[in-house]
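Labels A, B, C and D are assigned to the chains in the order they are written; within every chain, residues are numbered from 1.
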């Protein structure tokens, strides 16, 4: 198997796909995948780690202006501003109202990927057919598998910090060695059921570029495919990244353009949260000298949904 | 002051408005209002109450069909279903995508009311003018005041249970006596900084009516205005209800059609979460014999927003 | 063959389907169907019929409130009202802006049905497969077939007038005899290439009911399936109705719940305009003593679209 | 007064504003402005000019991808594609459905500007206050003034053709001399009530640039402000342009950044259609050797609307 930045072959990724596949592991009807590692007991332990009570958001601001990160930005439409505060017709009642809408996926908005978001050769996690995802909504592997919220122990592996740099360059491969060095340096080993956050320094790069960042042209760091067996062994329940966890533009392996999405979501049943904001989290971790915390992701209950915009919260 | 179901006069509500008003209490620039009671220390204590790690969602399913509860339902539009899983143009990449949009307020969707949602005689919380809420978004008192998430001790006062009934009738006034009886029966006194959830049995009524419920015609239980000074004294940080916390259609007091929204949000700076689902929570509380838990509400970061759909999570 | 209100059998409709099917009539690649009857020469003749220059709209107002006619109404969102007229950032430039969005089909909004709107046993007009209509848009038989506009001779057959009633009852079958009586009474024979408008009195019924009308419960008049061969013989280019041209709730023939939509659109390649407003047109026709006019329908150019909201214009 | 490309002073534009202002000309309640020139008689004459019956669309395709011309493109969402053609629940009924939504204004989509779209110093056409345009919709000067459709004599002045060039450069001023030369060359004098289309070659420039055009950076030709008195004298009813009729980025006169929009719409009550597509029209005019035709614009009936996307149709 290749190491570091080496590009694996299609056959090597085929092998990882087979080796890490969790289909039927939790029953043929399972739609939670690796979230099965996130048990009530794990959640209770996570809550017990809270010390200061400090609370940090890992979400990006919703943007309504087109940028390279959000070419299809959200719609935030006021339905009644102060000028129409009496528009409901109830005497004495004065209120404003608005509408919020957004594409769920992409490289800008912080969002959860449900297991029905990805297919490999026409199949979803646990062998469900692509035809289950209809134009009227998905019939299986939807975001409803996360409806009770994802609360557990969050571990943030800050790779630029472990490497002693401000940020990783575009298309950098984060390796198993990187992950383990960060675990060791930070003193925060990844355990079964954890919500793992891997940072590559995207926010720092955006800031360094004056607030403008192009995920396609500038590229983003992501996990080398060799990390997939490691995530599998460690029994990570949820994977979050300041990019999309996959390297962009990627390694260019035939059939496997985005192996973390393809093998992680579809094979392992690993939910992802893309585009988390770590600019607020990193300094707090340094300040608290802790890279573990209670983490809560609370997707909306969207029947048939392929994911949801979220604002993950870390409590120290 | 009137008691029970007695209807207060406008002058009495004017007096409550003046007495409970928190303007300038936390500075003239404050936009968090009663959330100032929700300190890091309170949050740490809340996390420490977690025992079993059981997790329960308090959100309603997003509905896309018009009903009396959601006459303007959400839009869940698939942008690419399984039939177009190759539509991104990356060879080997197969994905589905969707869009979610919704009106933020109303009597169906579970949502947080930001402080800019309500005005009293042209003014918002802390004296901000209605003109601050523009058609392009609000300039002050927006949902961004909750961007770091609302994590704290949740206390659920189950009023039908305390009264020994399945559900309260429409337009029933929940009184201070009701709240205190529930506190006592349940052994869960409301403390400063708590996220208070008051249940009136709406979900039970919907179920009893075969799944159909009309918040306008059927009416909903809500807090009698005499509860406002009580919420003020108890220093509640956030108020959630299975209705809209206000009685519907209400008591009909001139100028004060929805006093909890008007005096609570605008005067006290009390954020509300409307339309929480308690059908899952109530049996878990009974089972765990606890009506307090860690509660997390994580609104999206919407600059200029008047609120946000949310899925509050309780962890026992 | 059955007559009048008699209910045909499935076999009879199967036979009409076969008899009136225009597949391959204009080539195997044709996507215009009966619009092929609407030639430049016909259009020139239509323009030559204009006398007074009087102009009448056949569109319903776009509604943003849910009603039985529009359970999923349009979104008309102001993006900048007068309160934010300077929001573009150009000194001295003051403007308002808005957003308009709507479901294309349904029983309320005046809209054109493209040929890809309907399928019969998995096939569209001219034998295209249902799979051509993808979640990312239709690949064939789209509304782009009408992109150059539909201008031609409009003929309005006012059936209530011909029958001497204010309006037809719900689910009334309009028969060939009705159509021919109206032609004769009005002196407006339907000719090849005409844009035919058949009125059943829906607007009068709505008015009589105080502005509220429920197309499902109240029902609407529509063409009896025996009219399909007649439309075929007369070479009608476009069919418009104040209902949906089909009777609602319909005759209940197995496999053929809405035969005008199914056989008309899919078999004959006949575009429909549903829910036209005839309350303005009818009195003008009486006043002008003419039931023919220049008629123009100008759908937006929506690649992949299954139809479009329209405002048909009649010029006398 | 300045000529040609000379930049007028603010005082000169103030003077044009006063001189061409039509407020109260058609009564203090008028909301049609220059459309009052478009009489039934004019419309009848326009129809009488039709010869060949050839029909041409002047609309751009609706785009759903962000481009410099459409940074906020339309949403075309399929609600049911072929994979869910049975989703309505009526046995035997197979249909597809979609949703179309768009911002009305901008520099890409072909759209009509209603008179409430523009303000000058807080006032709209006929002296209506900016406050009439509320976040819940406009109360006056809305697009409903055009609800019966705009059918009349269209005259296309092809300025690049008159100048003997393929296209005008960005920010080129089209002068009165240009307009009159085109009138003379083409033999199509502009008359009272005409729907005037002035072309600057935008479509040719887009094509020459390989399909990509940036209205902001590349700039667009538009009418020099000295044309405003000319439009006023000629009693033009509607002005359409392949740009926005104003030069972009403009002449930079203080207070008057876009004088055709400001003085034309607000002062003269002149409706505009921006971003018409002339790539199809120009060759047909040359082929027919006619630059006049029947022209029909049919905006949707949007109560409170500031404009509407349209597909203007020319019939020769």
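Assume a contact is a pair of C-beta atoms (placed from the backbone, for glycine too) under 8 Å apart; a residue touches a chain by one contact, two chains touch by 3 or more.
These figures come from a predicted structure and were not determined experimentally.
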item	value
Contacts common to chain A and chain C (chain labels)	B, D
Same-residue or different-residue interface between chain B and chain D, half as cut-off	same
B-C against C-D, pair bridged by the larger set of C-beta contacts	C-D
Distance between the centres, which are taken as Cα means, of chain D and chain C, whole angstrom	28
Chain B-chain D separation of Cα centroids, rounded to whole Å	47
Whole-Å separation of chain centres (CA-atom averages), chain B against chain C	45
For chain A, residues that touch 2 or more chains besides their own	75, 78-79, 81-84, 99, 131, 134-136
Graph class of chain-chain contacts, one of line, ring, star, complete, other	complete
Of chain B, residues touching chain C in the complex	66, 71-73, 78-81, 83-84, 87, 131, 134-136
Complex interface listing, chain C residues touching chain D	39-48, 50-57, 59-62, 75-76, 78-79, 81-83, 85, 90-105, 116-122, 129-138, 147-149, 151, 254-258, 261-262, 294, 296-313, 315
Contacting residues of chain D [partner chain B, same complex]	75, 77-79, 81-84, 99, 135
